[in-house]
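Pasting a structure below so you can have a look.
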């Protein structure tokens, strides 16, 4: 059969490492993108079979090596604890697989840098799910902020507040630094906040000063906790803006409250992850609530709008779009705004600057 | 092959009639449910091929008959203009297919009743996507209202406001009664509002008094419009509650604004379709905002929660759940709350009562 | 003494009948307007002294006659139970006093009409505190709606929900028809809703169809209650608009929730009494939140803005402005939008139409 | 004279220095408190007469000395540009007058300290209008936070955003440091934010690190502006909490947006000055919206509630309560929570720490 130029791209064949909540999100996105869900690996053949059944994968591989050895797999989704990312991603890239790796890409910037270089050297697509970029209204914010409609950006008001670790009874592998790495709240969610800040403004955090707190040093099963629950940061951007970031996983009443407001000389723009269907745009004369109405959005925001205004799009929709764009990139397209290992490395560097500032009590520069 | 009792249900094989926006929503939901998307039919082989490509279906059937003749198809999704529903659904049922038919099931209650009887007689699963039932917080509202936590329901405050037909330049096949049927705004969206009202309360509208308006008698291509843009209704429920419903497709600034508040003697409960992740619960002492937090919801609401609180679920998620439940029903399960042809028939009867009251200027009883 | 043209108007000297919550609001407004608070009357000298002390009045009159006989009093504020209004107002007018009478002006339209005629015949200022007219953003709504910026008004969505009578333990003289009159919820709060609807649109309700409910037939001290807790109405306006009104004093979680949205062919405008500092204006393209910013409001809204935007104005501010405007009218000015006995009479007629419709089960015309 | 126990406190006699917007707010509050508004002074007899007429004062004094020499004046309200406060307040105290001085009490802490000592030495009541303390729900927040209901406070999320100086065309004497003093945005509004933070928590900011920006170095009439438009701060409290404060007068779309959220180990509490009638209380299980319902508030919040829930109280109501409490203090009562010169001094010290940190790029301790 000769390939019709208008024919759809060939089916992407995906493999999955890890079987938790995020693996379920990844596998749904892969299915929505029309991928073949070849299989997943786990620490044992039995667990791999169980996870494959639960996630609807065709096969359970008893080991990572087995999965990577399967030539039918194009892309590997890495959804394991943080400290295992570098090792698994390195192996996948060396096996010639494209990779989607959960954030943080690595728990130190040396590893993250090496993985970024490796992917580039091998010419492989390597993505990190900074998924809030895929809310259409985050794209609309980016359009407004980067085309000058808000004027020069002078202030940043960001927060990311959660409460799933708000009591000492709440526990998780992420609080154990041997699995989660040296930073917890900031690496886990602060990284999203900074990514969205830099993505929507096109600007960069260059200096910061941070305080951190481990509010609960002991939890149900982890009793000697070193990683932070809470971070307060003052930041300076390359373009001259200043602002504050507050990040907490011990904030009662907040589920997944990423709120980012950028103040420009002409307008303020606020995006709230829990209400991703609207964008608040403040001007001195009038305040507007922009709806996700495909007919009125900038092209890149309209592109990601799958249903009409008023039919809420949500988290899984954003994740689906991220995975679809990654797969499109594997198929040779260049969709706008894919978060790659460069962005994953960037997040690790910002996180390291936060920890360094908090430890030293001084300003930290963020490595470019 | 012997069926392993723990094996997953066999793959449902779906066919689609119609190729518009709703067909896209249906096909995504079928894919998310793991169905085989066998194919779609259209009025010509060429259009069918085009739609199949666009929706990601395996095959384009040049006619409905061809599609219905394919024994590989278990269930037919009917996504065509309203006045064609009865004919297509009848043919599908007679061909032994399970059916999901877009609302309104039919444009008069005689047809709707006949189809309901036919599906029952054939033992086929026959569903109508009153999809707002599938927002977890709509289920939570139902739980609160039916288990007595809100006391006796005494008032209903409902509205469904849209603006996609708010100017005379806006046009659509739905405004043409030869395609849309004798009612437009009420059949299209008022029916959702009443379904959700009756679903969440377990009560029934028994009498109503309605005014209707055709605000724009002429639009871009339809110049002699008979169907209503706007409906105002006062209702009485079997349980004694009274209330108002306002339904409009000419309400500037409202995209898909279904808002339903039920007032009980102990609490008021409000659900807003555009903010489906929370439920407002008012009490004299304190007002609460309930989040869609699976750990704290009633079982049926928790069942539909696919991601943690704060990770917004939306319209496609609800549609996916509806289709998954329909398929589960086809596979022999009995998931809670599936809207069937009985509910589709009910909606047609309520719509007929609205039109009758508006025409006569008197109260109309709603047939049980 | 020669009158200096730039001198302030002479001090208004006010008397008060009744000593409850509303009398406190009236007396504060009189003080803010720079009036001399001459005194108040009550059923006994002792109660009058007590009320005068509490309200900060100069004198307590032991009877209405005594108060009306005092030539130092220009205006009488009537703040007594509803069924006493007609008698007291008649006496005050006959004594040559200007009058501010709490709504309802009277408990039947014959009395209300007679009082209106009497005030006109005597050339006395006679006002009824439909005080929500005095929120600046209600004036702004009126400006937008009457100058055509919202297009032709086609729909009305109104509600007024309270919960201070939401349990059978809540009680008040207003539920006793011998003191409150034949209508309760509608006369008390529905009348505000209709006044604001007619004031902001310049249009009139001409026909309506209503259902009423007495949810609690017995309360703590009133055990044979005839007046309604709850009213659902569908209305038609002279200009052709249709809509719904829901009025309840048994709506848990709602304190004083008057919400009025008018849908025009160009824009929708919504005012919420509990958030009186903003106005929601919906258009198909964009939704705006208008702030009470004096620099950007229409003249009549700016006139009532006493503090800059963002410094919330509230209920007492609105009441102060109403009383100041009444006093200015007594002093010969003609401030825009004063609610007079004509408006008080109108409210009684609308209330009577609601009761008539509910009793008969048919449409009621509202007398012009 | 024997004091009649039931007699009202003797009338307070007030004088006013300055004739701008704040003087109008002060004079309304004095009138509402039943004070005699003896007169105001201005830079000339003519301007004093004009201001007296406009504010409704009995007399216009041609100079401060003249006003202070009037033995009929008990209390002086100082509403002049910042850099004149110290001189005027000193003179008033030395004349034996009680003083209410607009913030900042002085433009350096040496002066503020001296004035505080002087007032104490003379036994005079000396208050600074940190008026947001007088919103009932701010008192309710204080009750919740200080009685332990929110647990241990661990995070602070504060912002105060305005836009009245958001364009270079906006100008005011406050931006001129010879009139406004060395700090502008922080002294003007940041001081309110920190006062409310410390008032509601009972805790103290002990260290901070700040960045400042003068976004517009030139405005309409002031062309060499040294004071800051914008401040970003990270703070540490004595009790161990950390957090961020963002203060801006160049934030388009924000009118007077003071938002303060305190995160405790049991609950988060958020107060928003522009919506002062409610308090948001987040818990992991459920989020509540507390209404200003006198029947359900803590005693000190209930004390300040003058009208029922749902009848919005606002800025002037808060100011009235502040002035009434100051006058009550003059009359010998001890109402809860009056902001005195101690608090005014505290605000100057926090402001100086902000400027010092921004200048040095290091952490600044806040003098106790």
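Just so it is clear, A, B, C and D label the chains in written order, and each chain counts residues from 1 on its own.
Keep this in mind: a residue touches a chain if its C-beta (ideal position, glycine included) is under 8 Å from a C-beta of that chain, and two chains touch if they have at least 3 such contacts.
No experiment lies behind these values; they were computed from the predicted model shown.
**Q** Give me the set of chains touching chain C intersected with the set touching chain D.
**A** Per touch definition, common to chain C and chain D: A, B.
**Q** State the chain with the largest centre-to-centre distance from chain A, centres being mean CA positions.
**A** C
**Q** Where the CA atoms of chain B average out and where those of chain D average out, how many Å apart are those spots?
**A** 54
**Q** Between chain A and chain B, tell me the centre distance in angstrom, where each centre is the average of that chain's C-alpha atoms.
**A** It comes to 34 Å between the two C-alpha centres.
**Q** From the mean C-alpha coordinate of chain A to that of chain D, what's the distance rounded to whole Å?
**A** Using C-alpha averages as centres, the distance is 42 Å.
**Q** So which bits of chain B are touching at least two other chains?
**A** 254, 287, 291
**Q** What residues on chain B touch chain D, complex-wise?
**A** Listed in rising order, the residues are 285-291, 296.
**Q** Help me check something: in the complex, which residues belonging to chain C touch chain B?
**A** My answer: residues 154-157, 159, 161, 163, 166-167, 209-213, 215, 230, 232-236, 240, 242-246, 248, 250-254, 263-268, 280-284, 287, 361-363.
**Q** Chain C touches which residues of chain D in the complex?
**A** Against chain C, chain D makes touches at 6, 8, 21, 24-25, 28, 31-32, 34, 53, 56, 162, 164, 254-257, 273-277, 291, 293, 306-317.
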